[in-house]
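These notes are about the structure you will find just below.
Chain IDs A, B, C and D follow the sequence of writing; residue 1 opens each chain.
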Amino acid sequence: MPVRVQSEDFDLGREVTLLRAGITDAGALATFSGLVRDDGGLQAMELEHYPGMTEAALAELEAAAVTRWSLQAALIIHRHGRLNPGDQIMMVATLAPHRHAAFEAAEFLMDALKSRAPFWKKEHFATGEARWVAARDEDEDALTRWGER
Amino acid sequence: MPVRVQSEDFDLGREVTLLRAGITDAGALATFSGLVRDDGGLQAMELEHYPGMTEAALAELEAAAVTRWSLQAALIIHRHGRLNPGDQIMMVATLAPHRHAAFEAAEFLMDALKSRAPFWKKEHFATGEARWVAARDEDEDALTRWGER
Amino acid sequence: MTLTVLYFAWFRERIGVPKEEVETKATTVAELIDDLRARDDRHAAAFADLEGIKVAVNQKVQPFDASLAGAQEVAFFPPMTGG
Amino acid sequence: MTLTVLYFAWFRERIGVPKEEVETKATTVAELIDDLRARDDRHAAAFADLEGIKVAVNQKVQPFDASLAGAQEVAFFPPMTGG
């Protein structure tokens, strides 16, 4: 399954092994993992999503990347629910004949995920305060690199 | 150890777990793995290297990437010896506060490795023929992106 | 027609519920918003300013003047922050 | 002085050995290459054309006019193809 939305953690090594299984004509594998970053006092990160739309949006992005970069395979996993500092939030993996395609496709997926996949992050601090993470204009701008708006 | 040159295979998932151990202020992990690509009749890939210089060259690249992109950690593993189609040749991993730094540093390491690390590839074909892989001008050109020659 | 209306993230917190069934004659998202504003003070306050709010019709992001023809599910939410 | 001279990849195959100890009075890489060319036909043929050959002195890539002051190890090889 090239797209998964789940509350459970995932094993990057295992996912990559499964993705590569039986494929010998790929020369390049790129992965990216987003982690809950503790930049001072963060106690937990809560991830809300839009069930149904999320899976459809991720599947669309995955298919677009496979087509555009002629990937042998691609994978997107995104977690929801309550996560702790250091936890894995999501991962993408791209398997391509050559390195530039693998890197570009992974970067495209990350740029697109940021503003096209219906997830919302809320940060909970040790002080008891909580704050919804604001979308950043640069995340929207990053998509223009790929000819997307 | 941020740099390793070895004939044995490696476990991407395990290496990444070790790299991340104890680090909670990183938000982004990028990895790249080079694989022996079977594009028709390839039987084996032989990797020769220059012991001593290889380790020094990789350590220099790793340190340059950590400094330039303020990485929390970076890892380079490169194999030598005889490999089969589908085998892992090498990997890099970069751990950074944000995704652009992680991606850029991983791409820099790959571009630099291609023409700065003393490895030479020889392809052995099912026909019995063998051929040293030729360096590609575009690999040298890729370094200009990083202000390197 | 009856629409399922969904709210997410801080917009959900402002409205107070994650989901409601809405009976409406609205033919566009903008008309639906007028109906929702009329529901109570909380809805009126949440929908007072549409700046920074996005809408999806049948799980596809759309402009506020989008038609509701064929719509079953409409969702309102802030800009996404996944990844 | 005595230098350890190393050869790699197809250049090693042309020379026929991976490594040799060379007694030389050369003060630059270019002079060392002249000495090596004089060794035998194989060396002469391998070093006939330096196009596409790189040299490292004490494990650092250098130009052909580099000095051999302090040199202990000199290596000749084709452009690298790692990664």
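Simple rule for what comes next: contacts are C-beta pairs under 8 Å (C-beta built on N, C-alpha and C of every residue); 3 or more make two chains touch, one makes a residue touch a chain.
The structure displayed is predicted, hence computed values, not measured ones.
One inter-chain figure worth recording: chain A and chain D are separated by 49 Å, centre to centre, where each centre is the mean of the chain's CA atoms.
If you average the Cα atoms of chain B and of chain D, the two centres end up 26 Å apart.
Contacts with at least two other chains are made by residues 34, 99, 110 of chain B. Multi-chain contact residues of chain C (touching two or more other chains): 83. Arrangement of the chains shown, judged by which pairs touch: a linear chain-to-chain path with two open ends. Pairwise chain contacts present here: A-B, A-C, B-D [touch as defined]. By the touch rule above, chain A contacts chain B in their complex via residues 11-14, 16-17, 20, 23-39, 85-86, 97, 99, 102-103, 106-107, 110.
Here chain C touches chain A in the complex through residues 6, 8-10, 12, 56, 59, 75, 77-83, going by the rule given at the top. Those residues of chain B that touch chain D in the shared complex are 34, 47-50, 52-53, 56, 78, 89-90, 110, 113-122, 132-135, 139-140.
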